[in-house]
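Both of the next two complexes hold chain A, though its partner changes from chain B to chain C.
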Partner chain A sequence: MVVQTPNGFNLDTSGKRIVVDPVTRIEGHMRCEVNVDDEGYIRNAVSTGTMWRGLEVILKGRDPRDAWAFTERICGVCTGTHALTSVRAVEDALGITIPENANSIRNIMQLNLEIHDHIVHFYHLHALDWVNPVNALRADPKATSELQQAVSPSHPLSSPGYFRDVQNRLKQFVESGQLGLFKNGYWDNPAYLLPPEADLMATTHYLEALDLQKEVVKIHTIFGGKNPHPNWLVGGVPCPINVHSTGAVGAINMERLNHVSSIIDKCIEFNKNVYLPDVVAIGGFYKNWLYGGGLSSQSVLAYGDIPENANDFSPEQLHLPRGAIINGDLTTVHDVDVRDPEQIQEFVDHSWYEYAEKGKGLHPWDGETQAKFELGPNLKGTRTNIEEIDEGAKYSWIKAPRWRGNAMEVGPLARYIVGYAKGHEDITEQVTGLLRTMDLPVEALFSTLGRTAARALEAEYCGRLQKHFFDKLVTNIKNGDESTANVAKWDPKTWPKEAKGVGMTEAPRGALGHWVRIKDGRIENYQCVVPTTWNGSPRDSQGNIGAFEASLMNTKMERPEEPVEILRTLHSFDPCLACSTHVMSPDGDELTTVKIR
Partner chain B sequence: MTQAALVLGIGNVLWADEGFGVRCVETLAEKWAFGDNVRILDGGTQGLYLLPFLEEADILVVFDAVDYGLEPGTLKIVEGDAVPRFMGAKKMSLHQTGFQDVIATAQLMGYCPETLILIGCQPAEIEDYGGGLREVVAAQIAPAIDIALEKLRALGIHARPGRGDDRLLADPAILRQAYEEGRPSPEAACRTGDDRFFPAAD
Partner chain C sequence: MAAIETFYDVMRRQGITRRSFMKYCSLTASALGLGPAFVPKIAHAMETKPRTPVIWVHGLECTCCSESFIRSAHPLAKDVVLSMISLDYDDTLMAAAGHQAEAALEDTIEKYKGNYILAVEGNPPLNEDGMYCIIGGKPFVEQLRHAAEHAKAIISWGACASYGCVQAAKPNPTRATPVHKVIIDKPIIKVPGCPPIAEVMTGVITYMLTFDRLPELDRQGRPAMFYGQRIHDKCYRRPHFDAGQFVEAWDDDNARKGYCLYKMGCKGPTTYNACSTVRWNEGVSFPIQSGHGCIGCSEDGFWDQGSFYNRVTDLTQFGVEKNADQVGMAAAGVVGAGVAVHAAVSALKAAQKKSQSQPSKEEV
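Let's turn to the complex of A and B:
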């Protein structure tokens, strides 16, 4: 039977069901089920978040000035962006403004996270969906060198000897039986299209990116005092500035600023010489694989971020754009008000929660987090061993957030489509340039590849923004302003009896919001709507499917028992838990369980 | 030449006994001080962010909760090549995949510490989001630290009693006491859910 969803997808459950279930237990996991027709096309997709996300309930009664430290532990990847969102929410509730230097430093930190995350995502989590490192062993180093020089003439690491060395290192690694990171890929699947030389080039950059990323994170250590869990502060940033000091513990001096500057430059170089050329080169071989667009051609959402000036979140002041596009109408970009109870609502009709009032959508300020686990009548299997989920009933721990009733995609591609539609100068220039280079029409953006390319463009743009805010910070300090925190309202006695606030950021994976209610100096209610809640959302009360589900629709699978295409598209969203499609078997091998029913 | 050591606690403090490793390094830094060649780090559930720390170290001591089907509270010490294998043997949480990858990556890049020591503890309860350490596991913090000190001593690294360097540890708000004492009551914050992920407390 074919059912059309209100957002325009034809769901057909008649074909064989494929279950990709990485159910792991703790940090946030996903299960995916699809129905595939006789020709291998996906005709129904069901995405299940199998993690209870109960941060809301453990923050009750805590000191709002501490909330950031808890939210930093939500996720194993992006600590800082949750912390930033949290301090913004509390500042918003209490009417606390931050100094200009704090805005610049926060922007540098947030941009650093975007850049780090995008590079790590592309090379270490996503590249292996396109690049075959085993095939790289067959490459001719000389031809690889020629390829490298052709795709990126200014990259210094390009000699045949260099590629031969890397190839030998890879060989040793593989021969010692430690394939480790590259273990259990579907390396002979025809979905891999690169010639061995491109595989060797990209695998080499995998290693170069590893070396770079450990430099990049040092910016968090310098401004946040430490990593991987940097310090944050309601009212500003916790690092004092003292440009005349030499090595005082924690204080920002010229030596540390110079270190930051050199890291920013290294990233700019890498993005220009390696990351972007790789995306163009690899993308060139996959130009005909334009699946995976899902909701991106019709409904995308961005909250915007990186305010030019402290405390000013008006849309024209944000370097990462804010806006919503619905019904595929790129000529109208709607403004987004995260306080408006009519705009953002979360539904739980297909989620394992219940609201006091059934079928209703709740704005996060009035959000409820009451678990209710029940399975539908068409379930196959048992409560503890689900063989096939019943998507007609409740089927996910992820709520279904909607913007004015619409399922939305968030993330780099959403930001770039909003920016492009708004005529944002830098973004439009990057997008049109890339499409021209690759000889692709604008519609090509709405794809898995488009998502991956938008991330690379954004990394490059964020590098330039980071330099801008670094220069701004240094200029401000030179003009005598060393202020980094506003502690006028630090004391809870200065707070109103009741207050509510919202913090917004653009996390690497997309729009992130924390909504807080404070009563008598303590947290009364705390709700996080994270990017993966938007993208991974289940169906809503109207039957609209979410972004992950939509993105898988109508994709052709080369071999249904090897879900390369499913992983490729899901990974392109950089799901909150990058490892969420892996489980470990008892002998330690990495493994994705795939069952065909 | 003096060897550099990294003493690392990993795990998620928000998931009851999953926080064992992090609580061990916290307690270690409260009671013992080392020279500049030793770093004490709360690694949380992070992966690649930990690479720069591994690169600087010759010796790596890891505290972690590991599920090896033993009696809750049993300590298990693993050394050398067995460490990455062990951490993947029976995966309990995603941070272990992450950390196994970190070691594999460090090996690939040629800067994995030469000496690897894992001090693991079998958890009693990890399905309690927002919860703290169970008694039987908390009781193993001191013995686990003793083992680490002894192993380090054998490698020529000596601790002296007193407060150690806590700059790379958790914010005071989520240190063990503040975290566990500040937990909302079951009435204020729901603690029950479904059988697989969030079982009702008995």
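Let's turn to the complex of A and C:
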């Protein structure tokens, strides 16, 4: 039987059911089930978030100034972005403004995360969907060197000897019989299309990127003391600046600034010489594989981020754009108001939670949820041994957020579509340049490959923005402003009895919002709606499928028992399940055990 | 299937010279705080020991431990994964998924019974029949028990696996439970921290491979070499503490001079970790050096000890807090005498605290 969803997808469950659990090379835990027809096309897709931690329950009754540390632990991959969102939410609630230097430093840290996360995602989580390291053994190192010099003439590591060394190391690794992380990979699957030389080049860069990423994060270490999980501060940033006087060694001084500057340059170099050329080169071999568009051609959402000036979140002041596009109409970019109870609502009809009123959507400030793990009548297996899930009932730990009732895609591609539709100068230039280089029409953006390419373009753009804010920071210091924190409202005695606020960022994976209510100096309610909640959302009360599910529809699988294509498309979203599935607002009975400290 | 090859074999086959190999051994020795006499011993171990298979499972967690692990500078993460261990299952990094991933796990357990290390990141929730964390359609706790059964030893990475961490903070809605309360018949090394320092993680693994034994553990099960002393004991800002020079407000003149963060809530005085010595990300900095107090992330239950900005209160019984204020006021006058007395008192009280607090934590 074929059922059409309100958002236009024809679901047919008659074909063979394929289960992928665990979905690997993601953050957290996720399951995916699809039905495949006789020709190998996916005709029904079901994505399940398979973990829940209940952090909002834990936040209730805590000091709002501590919330950044708790929410930062939502995710160690996009580390810092939840903390930034949290301090913004608390500052919004309490009317705290931050100094200009704090804005620049926060932006540098957030941009640094975007760059780091995009690089690690592409090389260490996503690349093996396109690149076959075993096939790299057949490469001619000399031809690989020529390929490298053709795609990226300024990358210094390109000699035949260099590639031969890597190939030898790889050869001996494979021949040892201990394949480690490559064990049971799908290396003879015809879905892999790269010639051996491209495989060797990309596998080499897998290793180069692994070395590089530990350098990239040192910007977090300098400003925040460590990475993963640097430190933040309500009212500014914790690191003081002292470039002139006694004690400068205990603060951000000239040596620290030089260190930051050199890392910014390294990021720019790598993106220019390695990451972008690799995406273009690899993408060139897959440019006829344009599956995976899903919701991207109809409904995308971005909150915007990277404010040019401190405390100003108006859309025209944001370097990453804000807006929503629905019904595939790129001529109209709607403004997004995260405070409007009619715009963002979460549904739980197919999620393992329950509302007092069934079928209703709730705005995060008024979130009302209780965990309820129950499986549908068409389940195959048992309660603790799920063989095939019943998507007609509740089937995920992820809620279903909707923007004005629409299932939305968020992330780098969503940001780039919004930016392109709005005529954002840098973004438009990058997008048209890439499409021209690859000789592809604009429709090619709405695909798995488009998602992966947008992420690479964004890393490059963020590299330039990082430099912009570094220069701005130095200029401001030069002008005599060394301030990094506003402590006027640090003391809870200065706070109103009740307050509510919202913080927004563009996390690497997309639009992220935290909604907080504060009462008597303590957190009364805390809600997060995170990128993978949007993208990984299950069906809603109307039957609309979420972005992951939509993206898998009608994809051809070369070998249905080997989920290469499913992984390829799911990974293009960079799923982050620990982020998406912690959501629960504090209505459960367990809360009686929370004590105000 | 070829026999498990030695670490030295692998390095040589990868074109690493004998000379470079010996240099590596000596760097390892110094990284572990061992003298030159240990270099030949490490070399011998590397030449004769097989590459150890590692199974790395993930429960309720945020993946910060994996992220930290790949930040390791000495040894590099790529060298650990390609040459030192055989990472046969790790759902965050492995190529295979679904059935093929599960098959890799089964295959490794079967082939290397009693010879693999189980690394656990995160912890199992026990409420709702364990279904707050599902792997392969089943509760994660089943995978954990299954993989633990034939493991040689277990490493509990980070605060989650060691103590429960954020999801186990009150009221712990999922009943997230640390590994040692679920697996009780295996040697478990706790490597706490949120996350642990990268080089501490690779240091622990390297130690086990090199000496073929567990590191010396303290009474809480942590490697004594990295968790034997408080951050406060080795903090470069300790002289400011002793001199009564404190940051009084964020971004004040004292903050810009790098004074002690004790009054801003720094938990360095009660936190056992290597942050002030090894430091973070190749020694670039650590929280205190970057202006924020330590939040105590390697201590059991650190989420439930009051605000991160409250002063360490359980030191008051030893008079340290009182001393800090008094010495702070007296500092302008007779610095020398105050420092000497205060330092002596702190050292004595620290010793008392250590001996008093540890047994109670054991009972948890």
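As a working rule, the second predicted complex is superposed on the first by the 558 of 597 C-alpha atoms of A that agree within 3 Å, B and C clash if a C-alpha of one lies under 4 Å from a C-alpha of the other, contacts with A are read in each partner's own complex, and residues count from 1 in each chain.
Definition applied: a contact is a pair of C-beta atoms (placed from the backbone, for glycine too) under 8 Å apart; a residue touches a chain by one contact, two chains touch by 3 or more.
Nothing here was measured: the structure is a model prediction, and the numbers come from that model.
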Partner chain in contact with A:Gln370 - chain B first, chain C second, else both or neither: first
Partner chain in contact with A:Val487 - chain B first, chain C second, else both or neither: second
Partner chain(s) touched by A:Ala393 [first = chain B, second = chain C, both, neither]: neither
First (chain B), second (chain C), both or neither touched by A:Leu193: neither
First, second, both or neither for A:Gly381, with chain B first and chain C second: second
Touching partner for A:Met438 - first (chain B), second (chain C), both, neither: neither
Broader residue contact with chain A after superposition on the shared chain, chain B or chain C: C
Contact residues common to both interfaces of chain A (with chain B and with chain C): 24-29, 50-52, 54-55, 57-58, 62-63, 66, 69-70, 73-77, 79, 120, 124, 169, 173, 178, 180-181, 207, 210-211, 213-214, 217-218, 225-229, 231, 371, 373, 383-384, 397, 584, 588, 590
Sites on chain B touched by chain A in the complex: 12-15, 18, 42-52, 55, 85, 88-98, 100-101, 104-105, 107-109, 126-127, 129-130, 167-168, 170-171, 173-174, 182-184, 188-198
Touch list for chain C against partner chain A, complex: 1-2, 4-5, 10, 13-15, 51, 53, 58, 60-68, 70-73, 76-78, 81-82, 85-88, 90-104, 107, 125, 128-140, 142, 165-167, 169-174, 176, 194-195, 198, 237, 249-251, 255-259, 275, 280-282, 284-292, 295, 297, 303-304, 306-309
Residue numbers on chain A that touch chain C, as the complex places them: 19-29, 31, 50-55, 57-58, 62-63, 65-66, 69-70, 73-77, 79, 120, 124-125, 128, 165, 168-169, 172-173, 176-178, 180-186, 207, 210-211, 213-214, 217-218, 220-231, 233, 235-242, 245-251, 259, 371, 373, 381, 383-387, 397, 482-485, 487, 490, 561-563, 567, 578, 584, 588, 590-591, 593-595, 597
Residue numbers on chain A that touch chain B, as the complex places them: 24-29, 50-52, 54-55, 57-58, 60-63, 66, 69-70, 72-77, 79, 120, 124, 169, 173, 178, 180-181, 207, 210-211, 213-214, 217-218, 225-229, 231, 352, 369-371, 373, 383-384, 397, 577, 579-580, 582-584, 586-590
